[in-house]
Structure formats: C-alpha cells, structure tokens
Amino acid sequence: MDVGVWLVGARGSVATTVITGAAALRAGLAAPIGCVTESPDFTGAGLPSLDRLVFGGHDIASTPLPKRAEELTRAGVIPPPLADLVRHELEAADAEVRPGVAPTPGTWPVPPSTTGATLGTGIGEVAGVEAETQAAMARRLIRDLNGFRERRGLERVIVIHVASTEPPAVPHPAHQDLEALTGAMELPGEVLPPSSLYAFAALSAGCPYVDFTPSTGVSLPALDQLARARGVPYAGRDAKTGETLVKTALAPMFAARALAVRSWSGTNLLGGGDGATLADPAAGESKRISKDRALPGILGHSVEGRTHIDHVPHLGDWKTAWDHITFEGFLGVRMSLQFTWQGCDSALAAPLVLDLVRLLARAHERGHHGAVRELGFFFKDPIALDEHRLQTQYDLLRTWAASLS
Amino acid sequence: MDVGVWLVGARGSVATTVITGAAALRAGLAAPIGCVTESPDFTGAGLPSLDRLVFGGHDIASTPLPKRAEELTRAGVIPPPLADLVRHELEAADAEVRPGVAPTPGTWPVPPSTTGATLGTGIGEVAGVEAETQAAMARRLIRDLNGFRERRGLERVIVIHVASTEPPAVPHPAHQDLEALTGAMELPGEVLPPSSLYAFAALSAGCPYVDFTPSTGVSLPALDQLARARGVPYAGRDAKTGETLVKTALAPMFAARALAVRSWSGTNLLGGGDGATLADPAAGESKRISKDRALPGILGHSVEGRTHIDHVPHLGDWKTAWDHITFEGFLGVRMSLQFTWQGCDSALAAPLVLDLVRLLARAHERGHHGAVRELGFFFKDPIALDEHRLQTQYDLLRTWAASLS
Amino acid sequence: MDVGVWLVGARGSVATTVITGAAALRAGLAAPIGCVTESPDFTGAGLPSLDRLVFGGHDIASTPLPKRAEELTRAGVIPPPLADLVRHELEAADAEVRPGVAPTPGTWPVPPSTTGATLGTGIGEVAGVEAETQAAMARRLIRDLNGFRERRGLERVIVIHVASTEPPAVPHPAHQDLEALTGAMELPGEVLPPSSLYAFAALSAGCPYVDFTPSTGVSLPALDQLARARGVPYAGRDAKTGETLVKTALAPMFAARALAVRSWSGTNLLGGGDGATLADPAAGESKRISKDRALPGILGHSVEGRTHIDHVPHLGDWKTAWDHITFEGFLGVRMSLQFTWQGCDSALAAPLVLDLVRLLARAHERGHHGAVRELGFFFKDPIALDEHRLQTQYDLLRTWAASLS
Amino acid sequence: MDVGVWLVGARGSVATTVITGAAALRAGLAAPIGCVTESPDFTGAGLPSLDRLVFGGHDIASTPLPKRAEELTRAGVIPPPLADLVRHELEAADAEVRPGVAPTPGTWPVPPSTTGATLGTGIGEVAGVEAETQAAMARRLIRDLNGFRERRGLERVIVIHVASTEPPAVPHPAHQDLEALTGAMELPGEVLPPSSLYAFAALSAGCPYVDFTPSTGVSLPALDQLARARGVPYAGRDAKTGETLVKTALAPMFAARALAVRSWSGTNLLGGGDGATLADPAAGESKRISKDRALPGILGHSVEGRTHIDHVPHLGDWKTAWDHITFEGFLGVRMSLQFTWQGCDSALAAPLVLDLVRLLARAHERGHHGAVRELGFFFKDPIALDEHRLQTQYDLLRTWAASLS
C-alpha cells in the first residue's frame, strides 16, 4: 500500500521541488543526492520506498504545480528537461491540492508573501473564513486528509508543513491544555495560528506531522497531549539546510578543542518567496529565534554577534550566507574563521522532506508517538532535544533508525 | 614526582610557546584556553597536572629560548608582558637543551630553515656527525634523555618531535624489521632520517613518543616493534591545527547529509620558520600527503582539487587558509562553500603538545604500549586509525580517557 | 611658524593615534605609511611639513592622552614602544585639551559612547551647559581657539571634527540663513547640534574646518555663508577608510565594463568606541546614509541590498567588513564578487587627518575659501562633489594640489 | 558594407559565445550587457554597428558551432532558448570555418586541449602540416582571409586570436627582423608558433589583428614592422576578464592611499577547455607571466605571494578566483583584504571581443597603424602601454575613442 504525503504549502518552492524530484527519482531520471535515508546506514530500517509516495496538500495560492515547476526551472533549481518529463505527476498532485486556511487579517499577522492577489484566489473556499469557527475549519481540513487517504487507498498519510513562515504566535492560555483548546476552538475568534490549526487537524486525523518551518505548528503543550492521545508521532522544527547546518558542524570543533569563541556574526541574503516572507521583521524574528538556539547549546555560553536575514530578490532561490567567527586560543591569541555558503534552498530542503516522511511513516508503523527527538538532526530548533552537534545528532538518528528494523 | 617533556626542536616556535605557556599557566598568568585535557570530560582521567611538567630538548639552532620568546612577542604570538614574567623558566628550560642531530648534507634532504648559519652553530657537537654511526648517535641521544630524567628526578620523560618538517624518507629494507635496523645502524651511512633516529632513541630509553610533525619519525614497522618490545606507547602524526581541522569538522556534514562533494581546493599562506621549510617542494610534499588523507577517508571517494602551501614571510606566525568546496545537491544542483581560516599556528599547536604529553604519560603509567589510536583526534594523519571525522575522533578520545581513571 | 591642529574629540582613538603618530614621524620612529601627502605627487604643493604641527582640542572625556595611548597599544593599534617614547608629546597635547560642549540631554540625541561616567567628568566646565545660550558657548569655543593660536604662536589653526558620530540633525529654518542662525543662537534652547556649533566657532575664528565624521557639522547653508564671509576653506564629510573606500575603487570597474550590478550587500563588524556609538540606531543611521551615497552615484542607478553596522566588542579597534555583489554579464549570466576587509580604523584614519590638515592649511594660505570639492577623495559623502570614483577623485586632488604650488 | 570578424579558435567557448550573442543582440533577444562600446561614452566614435558584423574563422576542432552552443547552454553560459533561436546564424558562421594550423608535435609544445582526437579530425587539411613550409601555410591562411572578404563583400576583416593558450615561444633571431623572418619561413622547420603565424597572415592580408590570449601572437618585433609596413593597427594581449581585472581596480586604491602592500596571493580555479589548457604547466606559465605584470606596474615595487591556476573540471565554464592581500598602514599596523570572484569566463570575454573588433575596425578606417596602446584597458598585459590602473586606462580609451569621430 502507498503512503500519502500531504504538503501544507503544496504549491511553494519546497513542495514543488519535492514532487518533481520524487517523480524524477521514480522514473530513474535523477540520483537521490541529498537523501539521507538512501545511504547505507538506513538500509535495514524498513522505510517505505520512494516510489510508494503519493502527493497532495493544502495551499492558498492558485498557481498550479506545473507552472511553478517551470518557474523553478528558469530559476535553475530544477534541471531543464525534468519539469516537462514529469508533467503528468505534477498535474496529478495538483489535482489533490485543497484550499488552505489563511489567518483572518488583523488576527494573526499575515505573512507578506501570502497577501494580495494570491490570497485564496482561484481556490474558492478560502474566503468565508470569517464565518467559520476554528473547530469548523479543523473539521474541513480533517475531511480533506481522510478524503485523500480513502480516495487513493493509502496505508497512512504524513502531513508536513512547508508553508510560508508565520510570525511568533500570540500566547493563549488554551495552548497549554487540550481540553481548554478544543473548547476555545468552538467559540468565534482565532485561538490558533494557521500552522497550529493544520497540526491540530493532522493529529486529530491520526496523521504523523512535521514542522518543517519555524512557525508555531505543533509546538504547543495542548498539541503534544493530542499527539500522545491519538498515538501519533511528530517532529520539528525548522529544517536545517544552510547557515545553521554549517554552524552545527563547526561549533563543536571549537568546543572539542577548548577554543574560546567570542563572537559569531551572520548575514543571510536570500530572494524567492521565502526571502520576501522573512524580510518582514515579524516573520524574520521566528527564523532568527530558531537559528539562534544552536550556538549557546553547543558552546555552553552565549557569544557576541547578530544574525541578519536580508531579502535580495536578484538572488532568486539561491541563498548566500556569510558567517564570521572570532575566537581566542592559547594565551588569548585572537583568531578568526569565516565562511560563505552558497546554496539552493529548495534543493537542500526537498530531500529532507522525503527523508522525514519515510522515517515518520516507519515510526508510526512501529507504534512510536509524541515528539521524536531522534529526528533532531534535521532541524534548527529540534523539539525535545537539547543536542545541537550535527555529528552527535546523526549518530542518534542512525542508532534509532537501526532500531526500527 | 614530576614529568619530563623532551622537545625535539626545543627552540622552535611551537616549543617556545609551549614552555612559555606552561610557565604562564603555572603562575596563574593565563587561562588554559585550547587545552583539551582541561575540559570537564578529562577530569577523572588521572592526568599529571600541568604544574608537574619539566622541559628540556634537542635542537640544532643556537638562539636561546628567552630570545625566541621575545621574537614571538613581537610577532603577536605571546602577549607582551609574559615572556619577561617567565624569563626564569625559559632560562631553566634552555639550560636543558642539548645539540641534536642534523642530516648529513647530501644524505637526507636538509629542510631549508635549518641550513646555513643556524646549523649547529653555538652548540658545538652537532658537527662531527659524519664521524659517527647512527647507532653511536642514538646512544648519545639516549644518554641525553637518561641524564635529564635522573638530573631532574622525573617519574618519566615524554619525547615529542616538534622540529622542522623533513622531506618524505627514502625507503630502506631495514625499516621493516627491528633486528635489520639495529644492524644497519652500526654501519657507516644513514639508514634513518633524523626524526626516526630521535624516535629510536626515545623508545630505546623507554620514553613515550609523539610525532607532532609529518616527518617519518616513529612510522616505521621496525620502530613499532621497538615500542612494543619496550612497552612504550606512542602517537602521531602531524598535529591537526588549521585547515585540516576545519576540513574534518566540515566534511562529515556533507557525508551525513548525502551531499555529493565534487571538488575541494585549498590554499595555505604562511610565514615563519615552518612556512620557509614547507615552501621547499620536498618538505611541502610531506605536509600535503598528510593533509590529503582525511578527505577520501570521510567522503568515501576522492574529489577534484589541489592543496597549495605558499610561503608569505609577511604573515609571520599567522596562517591564512582558504578552502573552496563545490558539491551537488538534489537533482544535481551545484552549490559551494568556502572558508577562510586565520590562525596563529604556534598558539594552536602549543596546548595540544601539553595535552598529548599528559595523555601519553598517563597511558604509559597505565601500561599502554604501541600506537595509541585513540589520540587520532589530534592528528592530520592518525597512526593506526582510519576514522577522520573530528567529532567521532573526539568521542573515541573521551571514552578512552575515561577508561584511564 | 607652526600650524595648529585642533581636534574636536581630542581624546578619542583617532585623535590619540594622530598625535602619537605625528610625534613618532617627527622623531624618525616610523615611516609615513598611509600619508597621501607624503607621496611624490604632492612634493611641490608647498604643504606645511609634518614637524610643524602642534596639537590641542576639545573633548568631554577625561581620560588623558597618555592613558588612551596605552589602551591603543594593548589593542594593537600603536606598536608597543611608541607610546612610551613619545609620552612627552602626548602630555603636551593633553595640556591643550579644553572641555567641549555636549548636547543637553533630551535636546539632541546623545551619542551612546559619551553618556554616563565620561560625560564631562574631570573637565569641569562642561556642566552648566543649560545655563548658556549657544551663542555664549560659541564664544567660549572661539576663545579656546584664539588662546591656542596666541599661546603657541601659530600661523593658523585647522579644526577637525573627530568626535563621536551624532544622529542626523533635526532640521530648523535658521539652518538656511546665517543671519537667522546668529539670531536664534542668542535665544535659549539649541538650534545647532554640537558638531555644527564647533564648525560655527571654527569658521568664526577664521579657522579652516574639516568634518571627518558623518555628523551634521559644517553642512548647513548658513555655515557655508559664514565660511565664505570669513574667507575660510572647509571640507568633509565622513572620512572614507574602509568598506566605502573599497566600494569606490570597485564600483567604477563594473561601470567601465558595462556590467550590470544588481545587488550590493554589506555587513560591518566593529568594536571600539566608534562601534558602540554606531550600534545606536540613530547614530548608525548617519553613517549608513553617508555610506550609501557612493554607489548610485557611480553606477547611475540604485541596486538591491542593505548595509549593516554591528557592534562586536571583541573586535576592538579592528573592523571587518564583508561585501557581496551580484552582477549580470553578457546574455544575462549571473556572477558575483565578495570581499572581506580587515582594517584597523584608527590607523586608517590618522594619516588622513594629517593629510587634510596640511592641504587645508595650504589652501587657506593660498586664499581658497568655501567648500573645497577637490578634497572629496578623502570622504564618503564629499561636500560639493558628485564624483565618487576613487581614481577620478585622486586625479582631481593631484591636479589641484599641483596648482597650490 | 559589413565588417568581417575572423576568429582564430572559431569553435571555442569564447568564439561560440561571441557568435551566439551577436546574433541575439541583432535579433533583439538580449541587451548588450558587458559591451563597453555600447555605453554613452562611445556614441560619437563612428564605430560599426553590431548588426554589421559577419563571422568566420580558423579552428582545428571539428565540433560544429550549433553543437558547441548546446554544450554552453547546458553549462549555463548561454540562456536556454537562445542557441535554438539563432541556430541559423551559428550554421552560417560554421560554414565559414576553415582548418587552422596546429604546431607540429615536438616542435612547439602542443597545448593539451588540442591534442588527441580533436586535432584536425573532420577538417581534413590540417594534416599534411609537415609537408608545408611556414611561408606556404601563411599563404593558405591569407587565401582564407581574402576569400572570406570577397565572398561576403566585406569592407574589412578583423582577425582576433581566441584559440587555446600556447606555452611561451622559443626565442629565434628571425623574430627580431621582418626580412630575416620571411626568409626563415621559406625554409623547412617552424620559426613561428601558430599564434604568430596567424598574426603574420592577418597583417600580410591587411587585416587588423587582436591578441586576445597570452600566446606570443603579434608580440614580435618583426611583426610590428610588418604591421607598420602594411598600415594595419593591432592590439593585445590577453583579455582582462577576471582576477586581473579586479586587481587593476583595487591596486590603485592602495597606491593612491599610500598603503604599503606586502603580499598578494591568488588562486584561480577553472574548468572548461581553457582550464584544461592552463593546467598544463607550460601554457599556465604564459598566463601567469601575463597576469603578474600589473601589480609591480601599479605599486611601483614587487610584493610577496604567488598566483595559482588550478583545473577543477566540475566548475565548467565558471571561474572562482580568491585573492588575499596583506598591507601595512600607519605605524606599520597590518591589515588584509581578500576577495572571491565568481565569473563566467566566456560571458566576460565575449562582449570584449565585439568591443575590440569595433574599435579596431574604426581605427583602421581612420588610418591608425601599429600597436594601439589606447586599447590597453582590455588587456592583462597591454602592448605598448605601461599604465595598468583600470580607471586611468579607461580614461585613455574614452579620450581616444572620442578622437575617432
């Protein structure tokens, strides 16, 4: 039986690259570069094979997947002939995209890239949001998930949030307790940001859930209670694909060598939809918070320096990050290390989506539930895990994956 | 009882920084930044404390330690007041420096920085080298070691080779077998390069030995036999302090993420005595060979790209290394990472000398002998260890150190 | 006869380096590296020689110059023995430092590094500021200048503003007209920011004036009228010593080659007093405005990208700037250039202070008055000059200097 | 009447990009980014318009231009649809490609990328080289040039050498004198390297000639005599498109500011055909010599540091250059600047080919002959010009171009 992959933000760059790439891999048109779970360490883990994945999702934008794939081809993310060669699969996935829920303007700060013309146009039902309670909205989302599972005869459906980053959520007492939350959701008004509403729906429908973004999503005590109650595993948050990935590979070097890091400054330049979103101070703040966790965790103390995220549209889907580190060695001698990372964000993120789906599907099958800390390797701000050293995270993942067999 | 540290190359930059720094630490004038064995992971390992170390060594240069410390102060390696404050200890150590053995010109290629005026002048006995067999030279070196131990009442003496890098050694059948070697050494002519002669003497005298440089040193089967026969532990080779350190922290990131590294190019700019030596193509070759081991070991395949070592006198004791890495991600998208490392070589090396001395002293005390692979964390080209991933090497070291308690 | 150099901010890093360096040059203890006016192009210009310069100034801080020079020695800006060797000259200059004027708190935003303990303490008269009108303050400053000239028997006195950067000034109608200004200054309240009050006093006393900082200073129409009326030359503003210097050397390359620059992003990391000041958003804004003028001026169009200024105390007096430029070439192919500048700000600024003083002294002697646009080579935001290309600015300077002979 | 452009190396990356780009510009499919002569400074110079250019050339490779354009499309040098859209023009130019002359193996060192399978195959006549004297070969080349001019009814033909870089030429007395040279060419054996044979043929046929590469080409006294005798202008050598371009923009900054540059180290990583050629030590030597001229010319003294050229096939047509510069400022303080240039070589070179053709055509029309030093702006090692500062070279070019009107 096949496994469903439900992408929240199904028409975004990451989602489009995932769907195109999975089709290309199935057709033997590409090698699984960047897919961690295709490496020998995962051979015996019993993961669902890549050709068993079936795609659908929610979005509030109307540009269909084949068109998005063309845009990503022009941007150099997808190699020229691929989008054409897998057009059929892109159309099939696009037929499984349902209208998502957007925040009511004025309630939750709306991420910039989802405002204006794209907001729900061509999708129809997103409008009318004001008329629904969040409980009603959740029921609609759950119906979408169940419909997908039944229509496509799926063993299980994994929901992964790859929509635009939201600003940090406004705290609410009902976030702490599942009962209080379900009560509050029946009242008018919005108690949950959209990302958490998607998580609520996924867990309610018995679907494993991944927070690929820094948005609030599943990271609320009430939702953890829900996941345990429903016996569903989840993981997050904010996939580690660029500057933070390098950071968590390099910082342990200083720690192991007892070198005293004094400052770590970073500038991230990125274009694309995600760049436009993160240029918004509020959304950027979510990302910065999530990026800034790793360093004190590894070094054991905080250091000087800031992290900037700048929107440079000309860079398109490429991200350039410059990090500058000063440290002291023996007798206080001052030294420095700097690096420049030039990566294609969607190409870095897409294989991790496939990895997370496969691992969480298998974890679900083996009866795991609640936060899966062993998946922390994939995230900037790993839920339920304090370990940020990349290699140690990998060892944890590898050992856990072996135990799934 | 105190522990002796016998530095081959006792008047070089590394040795001078070690001796100055150890005195400064003892006097509470500096914090042990960069000393791995001062971190909590090593608390229970029973290592000799830093204030129990007593210094001496061999060299073929005549500039005394206090003068070298002044030079390193002007160069910014040693902070201004220190060299003055510990002048007494520098003089004491200098009084324990004995003339070393230099290669007979025309026999072993002579490292450039040891030619000319410095060669043995002011030391006296280095001359006359032609008259001795290598066996006789070894006996002289052994006498120096035993004399130091007895005169200073030392529990044990650790010998560490921090002299100028030699070119790769000319292979000789006697290198394979201890009996053949001792026989050949009684004949006129040179069967061993100086670094290996020092190692032979150290092991013969029952002293644990460290190859801090890429020179041949202890890495000959005959010397391994000698170490086992005498029950002495040894470790090497070529301390990992700069570009290669970063390489072995970063390359595992690509491997763990299944990203396909295609090229790794490096340029190292360095001044100082070591820079002058390595600018010589033959000596530089030793260093390049040792630097180039890590990458294929970690990635599982070789990659495009070269490593350059350039002598830039104006840089003094600072080294600047630029590395440029290209890799492919999902669907073959090309990305890159580059870093610039600006480090002070002697400040990076000195604390590792102290770490190695302490760990090897304890290993000796606990009866370890032969190659100590768990010390691979400290080296570019670890003897008896195929693991090059920095964090994994650290885990190995930490676990082993715990077992010493 | 000697030439006076009156430094506003006389105890800051730049001023201290200027005074120490001038003494070292006079004593033959250093070569005039970085002194543009010592190059052959200026031989015939009739400039006052460096050993004819005599120093004094205003400040609101109380740490005396010899102490500041010690701090700068520890920071690696001044080479170890110099500060001691020229201690006498530092004391002589410190004896000519008079209390400056600080903005009344709440009137002009106070630059952060001048608040708290340093504000006027130990100097005495700075307090009581509230009691004076700005006209009275100006009279006091003019008395200081005249006193210096007479006491030391100076041919002329050049005033150069090297005090902490102020936030952008609040516009006031009296800034447009000299008569309105002098009227407004007789009333209670503050019509001018401190930097402009210093400029007003300098011009009134017939002293050539330089705006070395981005503060408002002399850049007001009323002060231009004053300079012309008094026959005094002036120049500014914001010395071009780091990132912007490189920018104005590189941007013309793209322009001359018809390459289409699309983005230019910059991050400046700096510690020191200036770093602390510029970390304040308001003061940083002055600097950013002044830094951002050059690019559109050279390229003929604006480009994407932001400039960040971060305070990283651990960097001390060193500044690290990273700039990342994307551009398009033939057929729209995208390329990039990035650079990292690691400079010592005070060491870059100090020789330019000497250059400006010498050139402006000679211009005064030759009867120039008003804004000297030919000095634009030295500034980020040159007054009265629209040319930002470094080489073209140099040609302008060279030609003009030749005409002074 | 149209102007002919005869490309020696007509099927190389540069030539293919030139021909594709010129067709794209003519068809309005691209903007003239990177074309210096399209900027307002050249409006009145009377240059032939881009749509009057007609292409042909010599090569010893057989891959036809449309196929090469496809390769460059896959490599990201030519944007996806262009090669298809101008296929007709590529075929037309390919029909005008004639077999070139390759060095007799063993006579002139053969550039690596032209050895093996590509050598003359599919072209026919290149073979038989051994049978001809160089005079006979030159006559054949001249016939090709005259045939092109007549067949296509061209006003004039500009020959531009864009073939693989040759090693430095073996000196020969006949290089010094035209008469001696023509005599020697009638004898068996090779007195000229191929690049110079092409230059000899071009000048003999009355065609203006450009040395776009560092090969010997026209840079022989005998050929200068020929150019003057025939009244033909020429220019060279080695187009300045990457690291050296930046160098000649940056080095004048240090000079103008009297900052003392101490070292300048460079590493160039490049793939592609040119990369393969330059990886050969002999050919690389030509390039290094030509690259190393600028710096001492600008700074007035030589500096420490080397320039490396590494072949990294994975980089394809992209070049990455890292330069590291150390310099001293006031009081000897040490600072550094480093830059990383990531350029597409063919895209940088192609518009300059068009610029040089247009300028030299006009110079010919206006009666200029011999070396045109005012074109030095375009070259790493400008013939007859000692000025290496980019901006000053540009001013020279601009003024000269104005005089052509």
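The letters A, B, C and D name the chains in turn, as written, and every chain counts its residues from 1.
We take it that a contact is a pair of C-beta atoms (placed from the backbone, for glycine too) under 8 Å apart; a residue touches a chain by one contact, two chains touch by 3 or more.
Chain labels with UniProt names: A, B, C, D = Inositol-3-phosphate synthase.
Note that the structure is predicted; figures quoted are calculated from it, not measured.
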{"item": "Degree value of the rotation bringing subunit B (Inositol-3-phosphate synthase) onto subunit C (Inositol-3-phosphate synthase), based on Cα positions, nearest 5", "value": "180"}
{"item": "Of C-D and A-C, pair with higher C-beta contact tally", "value": "C-D"}
{"item": "Centroid spacing, where centroids are CA-atom means, of subunit A (Inositol-3-phosphate synthase) and subunit C (Inositol-3-phosphate synthase) in whole angstrom", "value": "49"}
{"item": "Centroid distance [mean C-alpha coordinates] between subunit D (Inositol-3-phosphate synthase) and subunit C (Inositol-3-phosphate synthase), Å", "value": "46"}
{"item": "Residues of subunit C (Inositol-3-phosphate synthase) touching at least two other chains", "value": "76, 336, 338, 340"}
{"item": "Subunit C (Inositol-3-phosphate synthase) residues touching subunit D (Inositol-3-phosphate synthase) - in the complex, by the definition given at the top", "value": "17, 20-21, 24, 30-36, 38-39, 76-79, 82, 245-246, 249-250, 252-253, 256-260, 328-333, 335-344, 347-348, 350-351, 377, 389-392, 394-395"}
{"item": "Complex contacts: residues of subunit D (Inositol-3-phosphate synthase) adjacent to subunit A (Inositol-3-phosphate synthase)", "value": "74, 76, 80, 340"}
{"item": "Contact footprint of subunit D (Inositol-3-phosphate synthase) on subunit B (Inositol-3-phosphate synthase) as seen in their complex", "value": "262-263, 265, 267, 269, 304-306, 308, 310, 312-315, 320, 322, 324, 326, 334, 336, 338, 340"}
